[in-house]
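Across the two complexes that follow, chain A remains constant while its partner is chain B and subsequently chain C.
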Partner chain A sequence: MEPFLEVKNLSVGFKTYLGKLNVLNGVDFTLRESEKVGIIGESGCGKTSTMKAILGILASNAVIEGGGISFRGHDMLKIRKKQLNQIRRKNLTMIFQDPTAALNPVFKIEELLGDVIKYSGDFDHEKATKKVLRKKSIEALKEVSLPDPERVLDSYPFQLSGGMRQRVCIAMSLATAKDLLIADEPTTSLDVTIQDQVLRLMKDLVNKRNLSIILISHALGTIRNTVDTVYVMYAGNMIESSETAKLFSNPLHPYTQGLLKSVPKLSGEGFSEGIPGRIPDYINPPPGCRFNPRCKHAMEICRKERPRLLEVNADNHKVACWLYNKG
Partner chain B sequence: MQLMEKIRTIAKRYDIKRKWFRFSRSPLSVVGLVVVAVVIFLALAAPFITPYPRQAGLQTNLRDKFLPPSSKNLFGTDQLGRDVFTRTIFGFQYSLMMAGVVLLLVVPPGVVLGLIAGYYRGGWVDMAIMRISDVFIAVPPLVLALSIASVLTPSAFNAMMAVSLMWWPWYTRLTYNATSSVRNEYFVQASEVMGENSFRIMFAEILPNCLGSILTKITLDVGWVILLGSALSFVGLGAQPPTPDLGTMVAGGSIFLPGQWWISMFPAVAIIVVILGFNLLGDGIRDIFVEETR
Partner chain C sequence: MEKNEDLLVVENLTKHFKTSFGVVRAIDEINFTVKSGETFGLVGESGSGKSTTGYVVMGIYTPTSGRILFKGNDLSMHAKKRPKSFKKDLAIVFQDPASSLNPTKTVKDVIGQPLRIQGLAKTREERDKRVSELLDAVELPPQDFKERRPKDLGGGERQAVAIARAIATNPSFIVLDEPTSALDVSIQAKIMKVLMRLQQELNLSYLFITHDLSLMRNVSSRVAIMYLAQIVEFAPTPIFFRNPVHPYTQMLLSSIPVLTDDEEKLKPKEITSRGEVPSAINPPSGCRFHTRCPFATEKCKTKQPSFVTVEPEHQVACHVATK
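Then we have the complex of A and B:
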């Protein structure tokens, strides 16, 4: 199947008073219809920036230096604002990390959800009377299994618990999404049991509607259970991509190996192995492979030339590392 | 009965009960509210409740000049025999009108400019708007108002224009700060992702988040505008005699101090009361919103 979202060699920098941060460094990324993709990596390695670039909501000091993003044949970097809004309204949606901040605090849920439904383009919005909107809102809230939707509609965001707020956010996103749901660490700010519920719910709804999803998460278990394909990001590069099961059973890139070993174990003694050091300085990133200062296997070539994301075996397992790309 | 029902549903929709609870936790706010309500009532009812309403205009009564406060003339009479009590109550009219006109002229453009500058923060629009407002803020308010008022012919209308011209930048700044702190919140990004246009994001998402501080500032400013207006009148650049403006009355009576103290003292106290009332009310309104937005 043809991919409908394609990010090619995307480079994005951020201008700051210290100098320019070269964050995204040629990101390649594709997504097919109803594919579920996970992105993992440390904080600050460009996962969210990539997603923001796709949606066109990068901070005002961001500079797109090269590459392209195409979504259903539209060039998302050159598209007119009006058309972009049309696409955002109908095709794309994003769930944010912190559901408290993602809901406008001065409006009741009824107003927030009602507006989304009203402008979703599903039906004539002249006909969208308060009653109709309320009924639709209640349906949307029921879909995300919120108990007592009537009461929720009459509440302000701060009167709800974190889990309820995230459910409201999901309901708002899914009221519009037709193609792609981007979930940026949707469960990070929730506690473990709620995390599980929210993820299950999201997975069910995504399956039911046949949506594509990009799930960003630090929780590797979540990723393993939810997505078909995993991308690993490090310092603004996609360094490995593979089917989920293969990646977890046979990680190739030294960073991925370290990342998987960093997960704290529930049983056994002591800390997990982890990766020493931290992500590089983006103002003067190390030349060649950006992981080389932390890599045990670093070779001469790693400090000189940047490895490309290439297929290793014939099974669509790609990695950007000189250990495998010898020739 | 139907009316009561309607009031009840409106009260419920806007959470009047909780707002009142927060407001009334500080008794001073309630005092402020009462003072403001009384002042507004007196100003509106001035022609009916004052003993000598015609003395607010051109009528004089030289026979009874310089009478000290008595039961007949509560605040005494001035150098032209006019009842100071009557003129003070009419003075409220002018003070409130001054504040009302100035804020009506100042708040909408100030807020809109601040909203635009804050939304396009970092761009040239922001630069242009905020630097221009800085120029206005750099000059001390009274000096600027004085110079403008003195270039124009002194009148109540020109005094209002002068005060308006130096007042809008404060609203621009306030809204600018509130907007730029809300600008990068996730919910604004979420609205962008959902395809809302900039106009809607500015006015329907960001502005409601700033309304609390704007409303508080409006209430507090009523007092300050009245003070500035009175100051202009005091130096003769505001309302001209025989207009019963509080500032003009204080100025007119000041030459008879301390002997006939009542002529300027009562209007002066009236100014203090009005300003204090609006300030206390403003504090109470701030109490409502500070916790609301938490």
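Then we have the complex of A and C:
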């Protein structure tokens, strides 16, 4: 099936008073109809920046330096504002990490959710009465298994618990989503038992509506249980991608291997050494493969030339590493 | 102190906070013992009272009632009122090293401060030498780090400095309050290695507070699970993961996203997560978990369960599971 979202060789920098941060360094990424994709990587690796670039909501100091993003045939980097808004209204929605910051504290849930539904384009918003919107809002809240939706609608965000707020955010996103849901660490700020509930709910709703999803997380277990395909990001590059089960059983890139080993196991096997060093400085990133200063396999070529994300086996397992891309 | 002697004994410890909404019951009559040389794990979700427990033990808060015995001495008071010799003996590493290190000071000053206050290094040269030793102990090259400030360090390096500060006064007991939850996993592994090596070398006892059961599995010798200000289950770590008894413990374990099929097998299957943690201002009557428990009976709603020993060293407070 043809991909409907394609990110090709995307490079994004951020201007700061210290100099330019070269964050995204040629990101490649595709998404097919009703595919569930996960992106893993540690803080500061560019996961969120990639998603913000897709939605066109990068900070004002961001500079797009190369590459392209196409969504259903639209060039998202050149698209007109009006059309972009229409796409964002109907096709693309995002759930953010912190539901407290995502909900405007001075409005009641009824107004927040009602507005989203009113302008969703599903019906003539000039004719939408308060009563109709309230009914639709209640349906949306019921869908995310919120008990007592009437009370929730009359509450301000601070009157709800973290789990409830994130459910409201999911309801807001799903009220309009027709194509793709981008979930940026949707459960990071939640407790583990609540996280489990929210993830199950999200999975069910996405399946029911046949949506595509991009789930971003640094919690590897969360990704493993939710998606079909996993991309691993490091310092602004996609360094490995594969079918979920394969990636977890047979990681190829030295970074992925180190990352998976670093996660403490329930079966109690002690700790690995972790990965020495830390994420590089984006003002002067290391030349070649950006992982080379932390990699124990680093060779001459790793310091000179950037490896591309290439298929190593016939089974669509791709890796950007000179250990595998020799020929 | 010999290994396996009782180092810290907490008896009926209670901490309530008065707020404008009512009294928040942060900890309600909890009992536990930390033995010399061990890592005692305290696990719970946010708001369960696990950090408050650590703070009360450190004397950051004054307990509302109950006793804290450290090496047989009563320390049930605020740190200001404790004898100075005990301040040296207890240390804490906080969750977020970005806010627990003074941003205006250099690493040398941060680590040197407890040495100065406790009079452990009289001259500047002595202090300098000791700071270098401590930085070496946490695997930071002293010459590179001494003069830097917290903002110039990565998260893992900051936490290493916080650990160096904690061990500066040669304590025998350290409260580790989620020491790695603000760090990435690859960094977490390294910090945990350092902590476990230091424990061996310096014969330290840890009260390890976390919400991460997978982490706990690899660190602690005994575990206590907290739910809404109370402890609901105690067990030595291997037994705990083999045979979790309390429904809340099972719910917690079944909710953990894991990486391998081996781990998947360890998760209880018969229970899935539901409901939310009730308010600590008006906790439910009887067993506090009954509002979320799939097995709750009439008795659970009215009578608070007491601890029952299900196997050696494994205690559970539940009416249903221990019937």
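Going forward, the second predicted complex is superposed on the first by the 321 of 327 C-alpha atoms of A that agree within 3 Å, B and C clash if a C-alpha of one lies under 4 Å from a C-alpha of the other, contacts with A are read in each partner's own complex, and residues count from 1 in each chain.
In the analysis below, a residue touches a chain if its C-beta (ideal position, glycine included) is under 8 Å from a C-beta of that chain, and two chains touch if they have at least 3 such contacts.
Quantities reported herein were computed from a predicted structural model and do not represent experimental measurements.
Once the two complexes are laid over each other on the shared chain, residue contacts for A:105 go to chain B alone; chain C is not touched.
When the two complexes are overlaid on their common chain A, residue A:265 makes contact with chain C while staying clear of chain B. Once the two complexes are overlaid on the shared chain, A:155 sits clear of chain B and of chain C alike.
When the two complexes are overlaid on their common chain A, residue A:61 makes contact with chain B while staying clear of chain C.
Shared-chain residue A:325: touches no atom of chain B or chain C.
In the superposition on chain A, A:257 makes contact with neither chain B nor chain C. Chain A has no residue lying at the interface with chain B in one structure and with chain C in the other. For chain C in complex with chain A, the residues that touch the partner chain are 45-46, 154, 156-157, 184-190, 192-193, 196, 211-215, 217-218, 237-238, 241, 251-260, 262-263, 266-267, 272-274, 276-277. For chain B in complex with chain A, the residues that touch the partner chain are 121-123, 184-187, 189-197, 205, 208-209, 211, 292-294.
Those residues of chain A lying in contact with chain B across their complex are 52, 55-57, 59-61, 81-82, 84-90, 92-94, 96-98, 101-107, 116, 119, 158, 169, 172, 176.
Note for the complex: chain A touches chain C at residues 42-43, 161, 163-164, 191-197, 199-200, 218-222, 224-225, 248, 258-276, 278.
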